[in-house]
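One chain, subunit A, appears in both complexes that follow, with subunit B as partner in the first and subunit C in the second.
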Partner chain A sequence: MTILYLILSILPIVAGVIIKVMYVPVSDGISITGAHVFFTIDLPLGGLPVSEAQVNSWLVLISLFFFCKFLTHDLKTRNISVRQVIAEWLVKSVEGLVRSNMGEFFMGFGHYIAAIMGLSACSSLLTLVGLFPPTSDINIVGGWAIMTFILITYYKFKAGPWIYIRSFGEPVPFLAPLNIIGEVATPISMAFRHYGNVLSGSIISVLIAALLTNVSKLIFGALPGILGDFPFLRVGLPAVLSVYFDLFSGCLQAFIFAMLTMLYVSGGFPEDEYFKRKRLKEAKKNNNSQVIKNTNGGI
Partner chain B sequence: MLELAIGIILGGCALGAGCAMIAGIGPGIGEGNAVAAACEAIGRQPESRSAVTTTMLMGCAVAETTGLYALVIAILLIFVAPGRLVNILLEAVG
Partner chain C sequence: MNNLDIISVNIWQILISLLNLVILFLILKRFLFKPVKKMLAQREAEITGEYEKAAKANDEANELKASWEDRMQTAEQKADEIIREAADKAERRNEVMLYESREKAESIIRKAKAEAERDKADAKEYIRKEIIDVSEAMSEQVLGREINMDDHRDLIDSFIDNLESGV
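Right after this comes the complex of A and B.
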């Protein structure tokens, strides 16, 4: 069973490579293009294109699902295996992060934070196997940012709509238009930050590969036959830069996206008003039940 | 005449992308200041190294945002805008 889950978590990535080899047309030379659109679903409000980015992000979702199954499927209380140690460490570290950044009230956010962090990091790391990284498409990252924006607004509404509307008039009422712009800019800046970092990394990698091809043609072009065409400088050298642009940048952006989600959600939440309201409600409830008891006793 | 118009479009897009990337100065200076302050803090209190590093990376990422806006504009100007504008021109000419 363990092996089966492990295989099932690797299979989607292999399927992604196979889909890319089968259906994505090979571009001649080095070119920079967006995600390849496989097909378009006709809908009443215009077509819905199903692109490489979407397919790859679905594959990452399936792969992560089976990987989590692999980590957690056979938990024990003693004689624990290496898998369980890794799973416990992951859960503990994410919960520690949420506790230190959001406080005890938001402990339920651990699932969302861990999910978005894992999804984002694994999507960015897809470049290592040569697939199109879904995070370099604004549609995917924009979706996550909108999700976060809905969560932020929901928690701002927790203490009633009046407090939400009044929060735009702070510190002085005539700054309200700026506050509204700032509110809308939050998801846009989150999406652009993540997508711009990953996309710029991949564009710089492509440009460096093109440069190295030309330089090696200049240096080794005089060699006879196939040796003259072979880009020697492209072997190994771009990998050094890939450590920064793919590994470090991808993981850092995932961490920052999760961190900003936590900070925005807990920062926008009107804590004092919420607990005051809650106490008032409970007091009212207690009063009501007491009144009912009293009347019952009187009868 | 059409060649000239297309040439002006391509040149304008390239110039615009170059001008947009002037915005790279801002994040460069800002992140430099942030890292300098972080180095000072670590030098003063070496035991707070991990907390300072995490906070510094967060701040750097936020300071980078304006630069990334410029980058997105530049990418759009180089890879997307010329094709669209040339299409519009050809449709207008007929």
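Right after this comes the complex of A and C.
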């Protein structure tokens, strides 16, 4: 059963590779384009192109779902397995991160942060098996950034709309336009930071691969037959660079995205005003009930 | 053109990726965090239970120890008592035996004395008889005639009695 879950969590990635091999035409030479579009669903506002990025992110979703099932299958309180150690470590480390960055009030954010980290890291790491990383599509990362923006605004609104509006007039009222621009810039900068990092990584990989092909043609071109065409220099070096651009950069960007989400949400939340307002509301409620009691008593 | 441009904004794609994030959020919440946290809470409860059990067992052991120590002390006291009692009994018995043996010895002595007395009396009688016989014979010889035996005997008897009282 456990093995089945593991296989099911790997299967979507294999399916992704198969889909890519079967449907995506191989491009030769240097071609830097976006995701391959399989087909387009007719919808208003330009239609929905079902692209590699979309399909791959769905595959990541399915894979992560089964991976969760795999980790949390058959949990025990003692004599725990390695799977369970990993599951506990994941949960505890994410919660520790949220606690240290956002405080006890935001402990419910653990799931969201874990979701961002998992989705982002796994999407970026898809390049390791040669798939198109969904994070190098601006739409994907943009969606996450908008979700974060919604959360930021929601928590800013928690202390009441007046405090939300007033927060734009700080420290001096005439800076309000700048504050508004800053507010809108937050999700855009987050999206572009992540998207740009992953995309630039793959662009640099393509460029270096092309460069190495040409250089090796220059050096080994004199060799007879197929040996002359074989790009010898492309054998080792791109792998080393891939460790940085795919593995390190992918994980780091996931971490940065999650970190920024935590900082923006907890930083934008007017804690003092929120608790003051809460207290006031409670006091008012108590007063009202007392008044009602008093009138009742009078009658 | 089968590929998207490098930067192509599409509202539906954004929406779908947003929903993907929310779905993954729900998946993680339901299938990773919830079971793990439930298990952690369960483990904590179990550990607390174990600690409580251990404390209880410790208390019980201490109680038992105290009771055993108590019992040991009473046992020691009891042993002392038993020893003392035994010693008393032995002493009493000793005294009784001593008394009995003394009694026995005394009775033996008394018996011996009585026997000696009796022997003495027997001897006296014998001697008297002898004396009488001898004196009878002697007086027969001296007087040359037979005297009245009975008179004679009385005479000697009175003589011996006088002798005895005189002594």
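Note that the second predicted complex is superposed on the first by the 284 of 299 C-alpha atoms of A that agree within 3 Å, B and C clash if a C-alpha of one lies under 4 Å from a C-alpha of the other, contacts with A are read in each partner's own complex, and residues count from 1 in each chain.
Throughout what follows, a contact is a pair of C-beta atoms (placed from the backbone, for glycine too) under 8 Å apart; a residue touches a chain by one contact, two chains touch by 3 or more.
None of these values were measured; they are calculated from a predicted model.
Once the two complexes are overlaid on the shared chain, A:S189 sits against subunit B while remaining clear of subunit C. Set side by side, subunit B and subunit C differ in how many residues of subunit A they touch, and the one touching more is C. Of the two partner chains placed around the shared chain by superposition, subunit C is the only one that A:K76 touches, whereas subunit B remains out of contact.
When the two structures are aligned on the shared chain, A:L199 is found in touch with subunit B and with subunit C. By the touch criterion defined above, A:I152 reaches neither subunit B nor subunit C. When both complexes are overlaid on chain A, the residue A:A121 reaches neither subunit B nor subunit C. Of the two partner chains placed around the shared chain by superposition, subunit B and subunit C are both touched by A:I32.
In the superposition on chain A, A:M259 makes contact with subunit B only, while subunit C stays out of contact range.
When the two structures are aligned on the shared chain, A:I140 is found in touch with subunit C, with no touch to subunit B.
For the contact definition in use here, the residues of subunit A common to its subunit B contact set and its subunit C contact set are 32, 199. Those residues of subunit C that touch subunit A in the complex are listed here as 2-25, 27-29, 31-33, 35-40, 42-43, 46. If you check the complex, the residues on subunit A that touch subunit B are 32, 189, 192-193, 195-197, 199-200, 203, 252-253, 255-256, 259-260.
Interface of subunit A with subunit C (complex): residues 25, 32-37, 43, 45-49, 51, 53-54, 57-58, 61, 64-65, 68-69, 71-72, 75-78, 84, 87-88, 90-91, 110-112, 114-116, 118-119, 134, 137-144, 146-147, 199.
For subunit B in complex with subunit A, the residues that touch the partner chain are 57-58, 61-62, 64-65, 68-69, 71-72, 75, 79.
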